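Note that the chains are named A, B, C and D in the order they appear, and that numbering of residues resets to 1 at the start of each chain.
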Amino acid sequence: MSGVLRVGVFGASGYTGLDLIELLAKHEAVRVVFATSNTYANQNVPGTDLHYIPSEQADLSSVDAVFLALPHKTSAQFARRAVDAGVKVIDLSADLRIDDPEVYAAWYGPHPHPELLPVPYGLPEIHRDRLRDAPIVAAPGCYATATLLGLYPLLQSNGLELTAPIIVDAKSGVSGAGRSPSERTHFVEVYGNLAPYNTGRAHRHIAEIEQEINRFGAYGSPLIFTPHLLPVDRGLMASLYVTPSYNMAADRVHNLYSNVYADEPLVHVLPPGENATLRHAVRTNLCVISVQPVTDQVVYITSVIDNLRKGASSQAVQCFNLMMGLPETMGLI
Amino acid sequence: MSGVLRVGVFGASGYTGLDLIELLAKHEAVRVVFATSNTYANQNVPGTDLHYIPSEQADLSSVDAVFLALPHKTSAQFARRAVDAGVKVIDLSADLRIDDPEVYAAWYGPHPHPELLPVPYGLPEIHRDRLRDAPIVAAPGCYATATLLGLYPLLQSNGLELTAPIIVDAKSGVSGAGRSPSERTHFVEVYGNLAPYNTGRAHRHIAEIEQEINRFGAYGSPLIFTPHLLPVDRGLMASLYVTPSYNMAADRVHNLYSNVYADEPLVHVLPPGENATLRHAVRTNLCVISVQPVTDQVVYITSVIDNLRKGASSQAVQCFNLMMGLPETMGLI
Amino acid sequence: MSGVLRVGVFGASGYTGLDLIELLAKHEAVRVVFATSNTYANQNVPGTDLHYIPSEQADLSSVDAVFLALPHKTSAQFARRAVDAGVKVIDLSADLRIDDPEVYAAWYGPHPHPELLPVPYGLPEIHRDRLRDAPIVAAPGCYATATLLGLYPLLQSNGLELTAPIIVDAKSGVSGAGRSPSERTHFVEVYGNLAPYNTGRAHRHIAEIEQEINRFGAYGSPLIFTPHLLPVDRGLMASLYVTPSYNMAADRVHNLYSNVYADEPLVHVLPPGENATLRHAVRTNLCVISVQPVTDQVVYITSVIDNLRKGASSQAVQCFNLMMGLPETMGLI
Amino acid sequence: MSGVLRVGVFGASGYTGLDLIELLAKHEAVRVVFATSNTYANQNVPGTDLHYIPSEQADLSSVDAVFLALPHKTSAQFARRAVDAGVKVIDLSADLRIDDPEVYAAWYGPHPHPELLPVPYGLPEIHRDRLRDAPIVAAPGCYATATLLGLYPLLQSNGLELTAPIIVDAKSGVSGAGRSPSERTHFVEVYGNLAPYNTGRAHRHIAEIEQEINRFGAYGSPLIFTPHLLPVDRGLMASLYVTPSYNMAADRVHNLYSNVYADEPLVHVLPPGENATLRHAVRTNLCVISVQPVTDQVVYITSVIDNLRKGASSQAVQCFNLMMGLPETMGLI
């Protein structure tokens, strides 16, 4: 493809959609042709000359690719239409992340378009080759991104003890809960608080995290994953407590991570002794990781991202670049 | 009246209502008989053994007094019923604050029960005598409380230049905006922000503040009042820029305030040179005031309260105590 | 003892000391006779008529008991003097928490007064009987309190798998870091951030937590404990991931906790399905606990306290009450 | 000058210095040759390959221009040396802002290098012509920038009533207080608080604001200026209450501002009815202004900036661009 690529953004008034618009506006190979929002229809799209249109009025023939930042179930509908129109799709909803429609159904209810499955899972550091030139990609969830990038070097080297549980104590800023007002996101409820939610394996991102983990081996223990709502606007930390296998000494894990991510432009491994903090990643497109052996048995890994960027919008652009044959980090560094 | 007084709280699930319940639960002369909430009907009332009932199901014959923390217009309806049932009323809505139904109508629309007007304005430091044994009282708005207590010593001594504008730059925590979720109170919108709102004499508390100011003299200038939303949960600061009259030297104003409030248990005037901060008042039942002459012409006065306490619930209890012949600060210090 | 007890507070200008002063001022059986602070000497002690005096000027003969909120090493010096003067001691520093001076030395350096050791560890829910009438008590650290109360029912019932690691992902508000200004506590550094610190078994509270755990059995795995600095002023959450032993089904753990703490006035176990949040405990004297089975293997327990209250000042008062033969929760509920 | 310009940054470890380094690193016509910090000497300069050097070791012969983000008094010393070495100077301290050394002395003490005065005041929107090719420039204070840009259209059109006081109620995030830890910037002290400080014409920025105001006319009233510390990291709002002169109707003021700033790339005037909020400016290089007539007599103007950017670093770069003959907004939009 030559010249500027035309894209459309569905669901462009949510926090992820707004961030996506901001990134795409600065992307030199892209022109945003439309942005949809049923709630804000006819209002100006911040930072652009566009006005929101209802999703139903979007003209798929006017674009080369679409980003879908829509609620699940709705997203699959528009993915179906875009595919039929020969338009590339980056879906930021959960609809295309789970290969098996029955697993999807267990977490989200019946899949509206199971015939679309499976599609490549849009975590470039793990699935880069499958993403190149792909017509349709499922961008991962924010918790899944931080968790999987925090586990990947150990997973791909068979470095985890298969029978030990992987424990993820995760914390996210409030923008991850979306822009629709609710009691849960009311300022007064969040301020000064820290609140676990969806405890006891109730969070839906568990489905995609386990799917990806199990590509690397027969992990016997279900994922132990607890999300917490942090009183900040952006940023996500996954604190991982993992048990390396007998052939992977705890004090070698840092070295493994440094090597595996040495050439990754959007993953930074901090030097030994330095801890990843939310601030390392907020308002960046990076995943920042620190590795700290605790005992012979347990390594503590901290993986932080901006939930709206590497956890959503910038990762979607990274996928888009790969799908379109552009330099992977165009518009991102 | 002897023994424990029985009270009911209407609208007991909002932030003001919850604070009121908490105060009343610790008040040794009071027993809360019912608490209403249409939204939370049948749920437990936090910190008590009660369950919320719908407002329509409240039995007025079971109580000696009611607190109305209801939306305006609705509040007047229940005030009417309570008065008819011989029950004392402390109304925390705006419905009974404005003596003149036409002025009320200009800010809030037609008054549902103009025959109830006027009632004593529940600012004990100014209207104490009218509040004793009163059957019905209008508790002031939060901004009105901080502003009027910040002006009162100058007003009552004719110490303000009548033709100079009174300027109030006010800042409030988010609980003042109520518990109903909205885009305006979404954590992500408030966090790290400071936002003026209802600028240009659009805020309704102007009506009651001007009514009270004008009891003291013919102030020629309309009130200049600008509220701002602060990224904190509680607390309200009114920053007042006032012009003393020719017979009131700026450097004598502090002394005036110290004298006027010397015996007030719930108003503290800080020593010269010390500034009132939000923290002086948050989670207290106090109004804390500092006085700082700036030039010969202008004095800067800071008046801070907890918007839910002295700005609402604790002031309502203070009124209640006066209405019932109890010690004024019972349950409050 | 009859009449009012006279107490002194050493180190009364730090956040813990200030909280202690506030609690003691409301305690009906106590009169604070002196409050020391070398930094704020001669300044008013907030909320009282006292002025700070330097620690060296405190008259031990004027009091029945002293609270030591001093830096470790210094604290033991004053404990020694108080004991010699026949004054009861509640030490909030780390100096008396570790029974074995060699273990103390490994974490804190040589002990200045090993002859004082051991003293009862001031966690009333675990050591109540040893605290009654004791002349000297070591008040536990904030992280230790939340962690140990979160583990105790399983520990005392031999309900933990001895070989599985106990994992504690802990988060604390900034007041836990003390009042002395530092880069780490600068508003700009903390705001919007979440930061692990003392990772890799470097936090000193590990010593006392392990000491207490090992009273209940031969736990083979070192404690996995990671503290994080939260962008809030107060509150502490310990998120515990534990493995019940074969004879303790995960779904029975909640019931165990409810039973063990049924009569504890200052520990609340939430109903199944409800998660403990920071707000449950902030500005209270409670430890609030929720229990959530995750898998057959792992239970997630959340234990929250106010780090300055049940994590320091109110627990010290609870110990004091026991030591003095007063009702245990006097001044606390 | 051709090719890349070499610059040095003195005082590059404070919050302003760090922001300046970040902006200069992205400026295509600039190469940062050295960055000084006595506190952080030898440590890495974040986001660069440089290491901090002590100020005394900086080689002035290696650069075309220097930015001085040093304490006042020290700054003038290095300005003197740089001028002597033929190096252009952008001074972000207060040392060169006041034309009259006696006025300087009244606020800051004796001036160390009065022979350098006066130099152009680096507010490009007001003094652009004097800044072009200037060898030395004084970058304005953050409060001065927001206040003066908020007043300028009225000042330059003689639109203000000369005898009426100009009232500025200003609010700043904590980064404005600098990076050195202090009780005032401790997280726990700031959190949930709002605190006036330097009340009563005590803030030093008053000197430069009055100097600039008085270039436009004989204003009879001293400036009424009250700063407040906001519980956010960045952002500054100046709330201005001004009295237009008889020939300037309040409802024409918005139009005046729109016209005066129509072509300014870094000042945005919001449409009538829309209020400027902190968020409009934070992390941008803009000053954002809203104009709201309140009465016939008073107009409320809100002027917001990022205190570290348009209030310091980005304005310094804007000056630098003008001094060097580069496009004014290079590296800034």
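Simple rule for what comes next: contacts are C-beta pairs under 8 Å (C-beta built on N, C-alpha and C of every residue); 3 or more make two chains touch, one makes a residue touch a chain.
As the structure is a computational prediction, the values presented were derived from the model and not from experiment.
Engineer: More C-beta pairs touching across which pair, B-D or C-D?
Structural biologist: Greater number of contacting C-beta pairs: B-D.
Engineer: Which chain has its C-alpha centre farthest away from the C-alpha centre of chain D?
Structural biologist: So the chain farthest away from chain D turns out to be C.
Engineer: Where the centres are mean C-alpha positions, what is the separation of chain B from chain D, in Å?
Structural biologist: Here chain B and chain D have centroids separated by 39 Å.
Engineer: Roughly how far is chain C from chain D, centre to centre by C-alpha average, rounded to an integer in Å?
Structural biologist: Here chain C and chain D have centroids separated by 47 Å.
Engineer: Identify all positions of chain D at which a residue touches two or more other chains, and write them in rising order.
Structural biologist: If we look for residues of chain D contacting two or more partner chains, we find 192, 231-233.
Engineer: Hey, which residues of chain D end up touching chain B in the complex?
Structural biologist: 165, 167, 169, 171, 192-197, 199-201, 221-222, 224, 226, 228, 230-235, 237, 239, 241, 275-279, 282, 290, 292-295, 297-298, 300, 302
Engineer: Chain B touches which residues of chain A in the complex?
Structural biologist: Listed in rising order, the residues of chain A that touch chain B are 15, 174-175, 179, 181-183, 185-192, 231-233.
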